[in-house]
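Across the two complexes that follow, chain A remains constant while its partner is chain B and subsequently chain C.
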Partner chain A sequence: MSNLAKYKKTLYDVLAIPEETDCSSLERGVSQNWDSVGHIALISALEEAFDVMFEIEDLLSFKTFDQGIEILKKYGIMFED
Partner chain B sequence: MALFRTSGVEIKGILCAVPEHREDRTDHEKRFDKEAVDRVLASTEINAIHLGQYAGQTAGDLGFTAADTLLNKLDIDRSKIGILVFVSYATDYRKPGTSSVLQKRLGLSVDCMVTDVGQACAGFVYGQQIVESLMMTSDSKYGLLIVADTGNRMVSRTDHTSLMLGDAGAAILFGRNEMAEHETVLQADGFRFKTIIVPGGGFRDLLPDEESVECSDGVMRTKYELFMDGLGVLSFSTNDVVDSIRAYMTHTHTDIEDYDVFAFHQANMFIIKRMMKKLKLPAEKVPISLHEYGNTSCASIPMALCAGIDNYRNKSEIKVLASGFGIGLAWGVTSFSLNTANIYPIIETGDCYPEGVLNLHEM
Partner chain C sequence: MFLDLNAKKTDKEAIIDSDGNVLTYGDIIAEAETFSSLTKPRSVIFVLCRNDVGGCLGFTNCLLSCNVPLLLNVGMDSALLENLIETYLPAYIWKPSESLKSGEVSIFESYGYALIATGNEVYPIHDDLSLLLTTSGSTGSPKLVRHSYSNIEAQARNISAFFEIDETERPLLDLPIYYTMGLSVLYSHLFVGATVLVTDKNVLDSEYWTFLNDNQVTSITNIPYTYELLYKLRFLNREYPSIRIITQGGGKLKDEIYHAFAEYAQRTCKKFIPTYGQTEGTARMAYLPAEYSLTKTGCIGKAIPGGRLYLIDENGDKITEPDVMGEMVYEGPNVTLGYALSPEDLALGDERHGVLKTGDMVKMDSDGFFYIVGRKKRFLKLNGHRVGLDECEQIIKGAFDVDCACTGTDKKLMCYVDEDSSIEEIRRHLSEVTGLNYMYFEVRCLDKIPRSSTGKILYSSLNKE
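The block that comes next holds the complex of A and B.
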């Protein structure tokens, strides 16, 4: 599974949203289940999926689908274009 | 760094009590959908909590049971207890303090000073320092610290936090030991007082209406219910608290190898795992009580010690570093030695104090 697919699957699973959802529109505090509890659950799942531990600043700044990708790239996770 | 040094006083015993009534996923799914419960349990690893409200149990009741049981087990002459400090926000009455009620219930003498201290998750470390300081300036043979909370009662039933907070009471008996020396760091940041708050019911806003309002986190709550900035707490726990633990070890010229146990406030496993990773702590040194009991506020450090004590009984004495952090914001770090024979398993209780509900006609 590609890293992009793994990232999307984690979002779908944790946020309990249909896989046909347009991920680019996902936003913390707006999208279903992406509240503070959902955010912690999402961070936990992403850290486990990609074997990283987010710095607190990155954890707090992660609010959209695209931001998540940029943050994961900082931890050496490669995403195919 | 606010550094406190005490000497000549040590912990003689610890015992914790929780309500018999237990709730887990089965109960949680009656209020929240399964996916929401899955998310909370996965990240917090809080699988069950014990709640006293269904048996009419207060924090004072849980503290009483813990203390009464501990004093009996240690066969303590209660007339020799000269200090009683009760730490909680969940007091039995507006006035007097719950420590007064506990003095009566425990049969302590009039020569025992009693006081309540308003603290939550930092309450064990703050309370320990207060009792030890009082002991140093008195001739009392024993001091008793009771830390207890029933925080779940102040949480909206629609708030996921209600799946995390458990009720508990802990009793810690202090006595004399000429050789004992302790250093404690206590810190606070009132600039962040709104991070964890129950905004109504205090004298600032004594009788607000009970209207439920949607807050910034999407939860409907009244002013009588707890608001917690979850990400603010996460940032605080994994930055300020970790920094204070590192600073404490630097100041005391100690490192991980000098401690057998790291007893942390049991907020949730997401926070504890991050603290462990940042401090490079091996799992076997970090006892956990939250899986079965949740976040038990000021009682959580003694709860962790009591829950994990069987892992350490191969040693007659263990060296503990403890860190509590939470409402205020307040946090503290301390270290002490414990005789493992006097750390008791957590007990469950259905006991309460129904005569404490007063009838004005009879007053």
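The block that comes next holds the complex of A and C.
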């Protein structure tokens, strides 16, 4: 599975989003289930899936689908286009 | 005047929000005068609020103009809101201007909020009635708690006494103001002439930390879940020199977290003050003085000034010996008038006469400190918010053709149904209607919901976890 697919699957699973949703529009505080409770669950799931440990600043600034990719890149996760 | 607001320095900052709005004590009085000139007194007014200056004004405007607000979350489920409006027929609604629907015309706008006249007539309500809060905002129950003017004033005075707060305080208010404990932070600090820093950002938003760091915050007040998050965010590794008081309510903190915060407070010369309360007691009823926070882990402490706590047994007799479990009873000037289920009930006077059976099962130690052991009533506190189990059963039965039974712990609501085809939909529905994350709900299928011969659900035979 590509890293992008893995990232999307984690989002779908943790936030309980129907598969047909356009995940690029997901936004914390706006999208269903992506509240503070969902965010902590998402962070834990991503840390496990990609074997990384987020810095607090990254955890706080992670608010959209795209920002998640940018942050994971900082931890050496490659996203092939 | 309410909270002696006209006795404060008019140019003193009263409320600052994280959008950059600033309101002085003089502004509060001036805003209320305008509001008063546009509304009929003794109206029921729905205040749909966010944690910002405009939301706080909804509260002060209503109280200062002798109107009675019902404070609600602006984000509450629209069907539940409609139901409340149809039940209580408010004469006015105060809500963010951007949430105005087509056809709604505002008669006054200020700080991003609009006042709307609904066309409903003003109906008779009791002279002592000052404020309405929901018992369970998330399930939209029409059961409201009726507060008197003296409830709020007594609570403001007593809270400020045990926290030892004065006009130099700058509390951070991120708990919702439609929630009893959040609201108590607002009025107790306005009472002493302090500056309330209000935000609807939470600890996982970088704006929260900017707001906290830029404003010399002197106290934080939160629920157990937020303290768990702060712990994970390594809050305890930093100093925050301006913070004097860390206080907690809204449920029981895990012992490990409780101890970590108590130790941190001692190390950094702050006070850690756990509290206990309910909407029915106008927020706080007990607190643990900071000097005991390391020796009495998990304790809710003693009654607040002006109040009294004791335990009763099944026959209603007082328990005097220590270490015996009983239902905790609170007596004090902050015990609310009673409930309302309909507009007619708003004409009722004081039905409790200062005595409140809390529904919490409690033990007292030999030093006279109280410890919560369990709960008598059928509700959970999910993320600090009360969720009625019977109401959740009604919500499910109203939307799905199933029999169901709800139980659970403060970690998760467990819903048992007799039909496995819509388990995921039920879970999603509960989450959507209550506005709480779906992780707080689990739905399981049984062949049959266990019932007694008289048809009562046998909750004791259902697994709570």
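For the reader, a short list of remarks on this structure follows.
By our rule, the second predicted complex is superposed on the first by the 81 of 81 C-alpha atoms of A that agree within 3 Å, B and C clash if a C-alpha of one lies under 4 Å from a C-alpha of the other, contacts with A are read in each partner's own complex, and residues count from 1 in each chain.
Following the convention adopted for this analysis, a contact is a pair of C-beta atoms (placed from the backbone, for glycine too) under 8 Å apart; a residue touches a chain by one contact, two chains touch by 3 or more.
Note that the structure is predicted; figures quoted are calculated from it, not measured.
In the superposition on chain A, no contact is made by A:Ser25 with either chain B or chain C. Legend: residue contacts after superposition of the two complexes on their common chain; A:Ser2 is shown touching neither chain B nor chain C. After overlaying the two complexes on the shared chain, residue contacts for A:Ala41 are found with chain B and with chain C alike.
By the touch criterion defined above, A:Met53 lies against chain B but remains apart from chain C after alignment on the C-alpha atoms of chain A. In the superposition on chain A, A:Ser61 makes contact with chain C only, not with chain B. Once both structures are placed on chain A, chain A residues 16, 29, 33, 35-41, 56, 59-60 are touched by chain B and, in the other complex, by chain C.
By the touch criterion stated above, chain A contacts chain C in their complex at residues 16, 28-29, 32-33, 35-41, 56-57, 59-61. By the touch criterion given at the top, residues 14, 16, 29, 33, 35-41, 43-45, 53, 56, 59-60 of chain A touch chain B in their complex. Within the complex formed with chain A, the chain C residues making contact are 202-206, 209, 225, 229, 232-234, 383, 428, 431-432, 437-440. Only residues 35-36, 39-40, 42-44, 160, 217-218, 230-231, 234-235, 238-239, 270, 274, 277 of chain B touch chain A when the two sit together in their complex.
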